Amino acid sequence: MRALPPAHPFDDDKLKEECGVFGVTGVTDAANFVALGMHALQHRGQEAGGIVSHDPAHGFNSARRFGYVRDNFTKASLMETLPGSLSIGHVRYSTAGSKGNTQIRDVQPFFGEFSAGGAAIAHNGNITNAEALRRELIERGSIFQSSSDSECIIHLMARSLQRQVPERMKDALRRVEGAFSIVAMTRTKLIGVRDPLGVRPLVLGRIGEDGWALSSETCALDIIGAEFVREIEPGEMVVIENGEVASHRPFQPARPRFCIFEHVYFSRPDSILGGRSVYETRRQIGVELAREAPVDADIVCPVPDSGTPAAIGYSQESGIPYAMGIIRNQYMGRTFIEPTEQIRNMGVRLKLNVNRALIRGKRVILVDDSVVRGTTSRKIKEMILDAGAKEVHFRIASPPTSWPCFYGVDTPQREKLLAATMTEDEMCSHLGVDSLRFITLDGLYRAVGEANGRDPHAPQYCDACFSGEYPVEPADQIEKGFALKAAE
Amino acid sequence: MRALPPAHPFDDDKLKEECGVFGVTGVTDAANFVALGMHALQHRGQEAGGIVSHDPAHGFNSARRFGYVRDNFTKASLMETLPGSLSIGHVRYSTAGSKGNTQIRDVQPFFGEFSAGGAAIAHNGNITNAEALRRELIERGSIFQSSSDSECIIHLMARSLQRQVPERMKDALRRVEGAFSIVAMTRTKLIGVRDPLGVRPLVLGRIGEDGWALSSETCALDIIGAEFVREIEPGEMVVIENGEVASHRPFQPARPRFCIFEHVYFSRPDSILGGRSVYETRRQIGVELAREAPVDADIVCPVPDSGTPAAIGYSQESGIPYAMGIIRNQYMGRTFIEPTEQIRNMGVRLKLNVNRALIRGKRVILVDDSVVRGTTSRKIKEMILDAGAKEVHFRIASPPTSWPCFYGVDTPQREKLLAATMTEDEMCSHLGVDSLRFITLDGLYRAVGEANGRDPHAPQYCDACFSGEYPVEPADQIEKGFALKAAE
Amino acid sequence: MRALPPAHPFDDDKLKEECGVFGVTGVTDAANFVALGMHALQHRGQEAGGIVSHDPAHGFNSARRFGYVRDNFTKASLMETLPGSLSIGHVRYSTAGSKGNTQIRDVQPFFGEFSAGGAAIAHNGNITNAEALRRELIERGSIFQSSSDSECIIHLMARSLQRQVPERMKDALRRVEGAFSIVAMTRTKLIGVRDPLGVRPLVLGRIGEDGWALSSETCALDIIGAEFVREIEPGEMVVIENGEVASHRPFQPARPRFCIFEHVYFSRPDSILGGRSVYETRRQIGVELAREAPVDADIVCPVPDSGTPAAIGYSQESGIPYAMGIIRNQYMGRTFIEPTEQIRNMGVRLKLNVNRALIRGKRVILVDDSVVRGTTSRKIKEMILDAGAKEVHFRIASPPTSWPCFYGVDTPQREKLLAATMTEDEMCSHLGVDSLRFITLDGLYRAVGEANGRDPHAPQYCDACFSGEYPVEPADQIEKGFALKAAE
Amino acid sequence: MRALPPAHPFDDDKLKEECGVFGVTGVTDAANFVALGMHALQHRGQEAGGIVSHDPAHGFNSARRFGYVRDNFTKASLMETLPGSLSIGHVRYSTAGSKGNTQIRDVQPFFGEFSAGGAAIAHNGNITNAEALRRELIERGSIFQSSSDSECIIHLMARSLQRQVPERMKDALRRVEGAFSIVAMTRTKLIGVRDPLGVRPLVLGRIGEDGWALSSETCALDIIGAEFVREIEPGEMVVIENGEVASHRPFQPARPRFCIFEHVYFSRPDSILGGRSVYETRRQIGVELAREAPVDADIVCPVPDSGTPAAIGYSQESGIPYAMGIIRNQYMGRTFIEPTEQIRNMGVRLKLNVNRALIRGKRVILVDDSVVRGTTSRKIKEMILDAGAKEVHFRIASPPTSWPCFYGVDTPQREKLLAATMTEDEMCSHLGVDSLRFITLDGLYRAVGEANGRDPHAPQYCDACFSGEYPVEPADQIEKGFALKAAE
């Protein structure tokens, strides 16, 4: 069954990360560790997952499945087919490729047998010149098996004139544009790479005496009891073999531009980014928001669960009591049959319920992480008013999302983004709330630790979804007619 | 598949309610409403669920399934087999009957064809003289199909000399001892009953012009857009037919003894009990706890999710900041294959992760709803200390649980209850924490609204799990050797 | 999955037996033997099957499943739940009960817990006064769980004033009218019973030192390596305990009337009925048919597979060569999607294909076992003519089927039987063949070994489907309006 | 589910064909026709099947599944994903590739996107230089997705310097050695090819006005109502587009060497090979065998089902009556749990049962199609003797199988072939039968229509499995150490 309950209550109105990658070497039955790591990264991709392992007796082994890690990679009968002390895994939420109609062949890791031995790769991010590369490779006789942009990498590697896999990867990745954090493996090596801007995260951990792990986030190191060592640096390739980590720099140096939305929403609150708990950063966003956009009210309520840390921060800074005005159903599902008699907002009711006795007669501040299409914000506002709230004030823990992401995030087309077509005031009256305020871009930069806010001449992060300033030109998109922001 | 991820992260160390019941009449395709209601009551029973409906063309229809409501009663192909404007449903977590080895025939509602027409019943609670009744009925030639205590009721009804179903029910229930909230139906009637003490909840709601609903909790009225009318009273039977509600009083009057643990843990925080939001009662427990058991610390963290409201209350009363020190994995599962190399507390890691960067160096107050066996409390303490906490103080939102429940809750045997064999100090050193305090029984009574606390001569609630004072003698248990508390 | 390919290529145009029963005692892991026996009896019921076993440690165990025995009762995980040295099983093709909409609760064996111990029963046949018994039992307070006529027996047993199960069974079966071959078990006894007329078969076999088996047919003794001992006699009850077989005679003596259609079609050709191979009887039917209804032709072809033995006999008696003019697809299935462009007789093509190169230009005798609705006979005729046959002559190995069976066979309503509304000549022109001949009733009796044919005053067999003479009055049917044959 | 009941009762002791291919163009919803054709070819491959279709709106569509055609390609939800008027399909029994451990990526048709458009191919046969080709292609940068020898073809096509698919195919197939009958498609063309020797069959049929079909056997034309036009000739390529069939001759002319075992066993008896019914050829083998190897006996029995036509021929030529001494269970399955008490030959009993009452005291001639390992022949002999046969004479409808096939048939290693290590007399005493005779190679040639038998200087068929004379050198095998027959 591919139809799964959504990860977040309003998944259909959220930006959706994309993918998570994980790899481990130097441990017995490495695939069991990889399954745990993927489980901890499940929020980065719920559609499907795959694991590749290698052991000398059986060579490379792989398993790819639709659905949650917990439902597939927990079965002894499957895990026994994945022996070895070296393994990588991938959880996927389709970004490029056949969206909504994924076939199992689109599920990573991808594997290629080369003349001097094979390799498997797992990719988080998006290649912005994938279509041009694909045309070129087909012209030369490569046969693509998937609709994934990531498959280009393995074909480029297969055609490299180099013999060794790390050299083949360097060759291949120098042709690739866009965002990538990659975990790869050969028979004996575990390899990690981040693109020159370091748009997507990738961290290194240590486990036991000789073991090493690579992961999209630190929370997946915790689950396997690995110690967080450091982030892989933008533009760095690490090659781990025989318990040793070698660092390479295959690309031209560039100014890093890490994705700021990882701080806002994508990463798990218990992960560490830039040396700080993501939870704490989000709480700090709430603090900044309370300073920038105060309002007199009775209670501060999060839209669960992603708005919770910012709501706590807002409450602490403002002194207005924090309260759980909206309760999330733990057994979500969105496919119930609509009763023929009208139930207003049934879809929302399946996921959330208003704490009616608490809300009645109150002035309520609702803190949410972002507004994408705005559809669920409207429904929540109605539920709150139906329950008898006196006022509803929305406070949003990110700036208006007005541009699509082309670096590994599933965003609607630009015209579907509420903030692409409306001002803040227009959105407020569209949503029908008493007030609506977004944190400013500078406020967000301050919350992530940039005391002076955003440097407009050399922004410290990729914030294209807010600013329209794309650090890597989205070549395939431009070819298909996407209009960049006009120079000011 | 019967193997399901648990509802709460430490389900194996919680008292487990039991069952939820729901019924609706006077709406088109009533079973769709029942499915929604059962989904909202899923926390009361995750093992299995069943729906019965009736329509004139097809008679009684039923479907019983293992697993979550969202995975079964959302399929058009199934729901189409449940037509009609009158329907009842049941979600089950086995209490009596073949625990852990439930067969589909144990899943309610139970149905019986009587000489003047059939009836279906769904039961929340536990019959304390079920075994004696069963022996008697078998002796007379009844054939039992399940191992459930609830099946006695339908056989007693079948043998009643009365003709009408409500009269048969009264006849039957007068023979039954214990706790019961029942939703039943005939071809035309929706029936609700509570036992004389009203141990388990049952509420009445109104939907549309002529529709009525019965539900274990108000949160299930919300999901179908029904208006909460009132609680069914202890000892009351309501018979709803043709849009009219008739109230009967089949039993000898008695002093009500509602289950106080519904306030502490079982009911959903967005339900209303005794006219007040359960969330607010739990927050108030935290307030009481902060008054009774203050401690100097840096942060107050809930054990998610059930400790959250009390932690908020504790923080508000004490002024110590509230923080999410423990993050719950939304994609739980407990069957991952243990890596051969030791991961300490892997089971816990699958469900929870400590927010390490936040906890390090802090004095932490952890607020949990209850301590049953104490096994998970130990593990959480270790995780918190591993992450570098300086001190760990447990505050528990219920008194020590030292007696089993025989009224529809799945409790371990008495000797497995930590509080049955240790004093508070012994538990503190057993758990290895810096301090451990439970709310007092009087404090809990104050939090639920009894300003003068518990009346020791006529307790306002059933609190047998804390006090050992059983309002209904557990006859089957005593026959099997259970020792009541010695009179003082 | 309930959707199964049919057992015989034209299952939808055949009379369908009904059920098969099997039991074994005195062997280790008896349920494994029962599964094998049920597999050998699968032709008697493909819809579902069930096994009950007993061992002292676990008591009674049961498993009931839809689908083939080979797909369910071959899994170690299931069979391990059925321990013990005593076990019975049942394969089912619904006759009474909710046809086409069977629920798992309708699948036998049925089990009842009585005051002095439980029993399980498996029934082949049909109770002709089941509806009256059911009404009476419900009036007294019995609760029926299934729609099966067989459930009456277990309720009658539960209400018997006797203590011992064999005595309860006698009590119950004396109230029952109709056809029954029953295999039952208690904790220690294996019990077999046939109705006074012995309409349905039941045989006794010996396995190993102390083991005994009961089976609908001898072919199921062969598969477990048991030795065929004898048939259970009409009106006999055998009770097997501690390796001893005791014979009882609970009923009034009656003249036996075994079902003659078991010889024609239901039983497997390798079973032994009345001391003779069923195959040999069917071959003899072909011999009789060649004598009664000769015709000049080039080849004799069976309609596979059930017409094969009679076709061999016809060929041997007539001297016309036997040939496989119709080839059966071994991978049947009847649910392919019809191509939009017309394929004539696609349903038939899925199951059978004409051996075109063989048939072309030939005069063909087709031998089939029976004509029920005549729908497939027409299609086969068309396929044969399409392939270029010069003449088509049908020879049928049973007399015209013109009355429904009420003793455990699934027959269409009388008006759907071709022979109920047409003479032999009318059928011939309806089917559009060059000639059509059925064996006479006397010819059939001769083939089964009655040298003088049928005794019209005291027929040796039940042949109600051909003669309309019902040896047991079908009370429920008459109440519902069925008209018996007028006395001549 | 991959575990399927075997196609033939002794599949584990039979040579196993390999694959079946089918394609159709010029009909609405072509994939529905392909599913039917594959169903008719199911005996050529039961492990898995795949269909590719093309329509202008959706491009190429494909579905590949493990299991029977009837269980997969009958679902509307799947077939709706395969629209278009042009479609090909493949049923597979692994020959090369990962035997017994097939992954879905090994299931054909294979698809490749080339620079001027894509193509899908389905291959029956085996490429004898596949491993060398694979090494060469990987060296150049091709990435193989399967372990199938057939994948070489699509990579060779991708690298061809030609633009058009038919030209790419010619280019590719000129590099390929071995046996191949291929059905392929582009967006608009249906293509069929046979290798120069024409080892595997391929036929052309016509359907409706403009429709054409390609099939391994004629029986699959019958099922869709197509008219058999002619065989594709050895070395011929047909390209069908816009209702026109163009014939190409891409290879050097060669003397045809069709597989003689297709006549003996692989092809369905209702197919037409070389202008004659396969059934009739097999009956004629029985006639030849009766002439070559007569014996005095009471009955001639086939080993069902494949020995049936030869047994009929033997009976007709010898005058000894034909009889069904062995009955096949229609509901095969081979995974029942062995009862702990010994059942001799249980595996055989699941599939076959001796007609004991018929066999007792008789001298029996058993006719089987071939002897491979001899394991089941022994078991059948024992069953026959257990049933009381006086004598057992085996007559085999093919010469001794003493060499493996490398052209698309799954044969055991040479040393496992009984006839590779024993003379006919040794086999007779090994099997423990009263006599054992194989048809001679000349007798077989006469039966297939070569009145003068085999031409030893220029054999008319490929008979390598009997003669050890391989018409195409098995290069990969020789490299792996296979020893060709020494020149005489």
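The first chain written gets the first letter, and so on, giving A, B, C and D; residue counts start at 1 in each chain.
Here is the rule we use: a contact is a pair of C-beta atoms (placed from the backbone, for glycine too) under 8 Å apart; a residue touches a chain by one contact, two chains touch by 3 or more.
These numbers come from a predicted model, not from an experiment.
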Repeated interface matching A-B, over half of the contact pairs identical, chosen among C-D, A-D or B-C: C-D
Gap in Å, rounded to a whole number, between the CA centres of subunit D and subunit A: 50
Separation of mean Cα positions, subunit C and subunit A [Å, integer]: 62
Where subunit C and subunit D are represented by their mean Cα positions, the distance between them in whole Å: 37
Junction residues of subunit C - those touching two or more other chains: none
Chains grouped in pairs wherever the two touch, ordered by label: A-B, A-D, B-C, C-D
Contact set on subunit D toward subunit A in their complex: 104-105, 112-115, 135, 138-145, 154-155, 158-160
Subunit D - residues contacting subunit C, complex: 5, 7, 27-29, 32-33, 35-36, 39-40, 42-43, 46, 68-71, 73-74, 76, 79, 207-208, 219, 222-225, 268-270, 272, 276-277, 279-280, 283, 305, 308-309, 312, 316, 321-324, 327, 329-333, 335-341, 343-344, 346, 349-350, 353-358
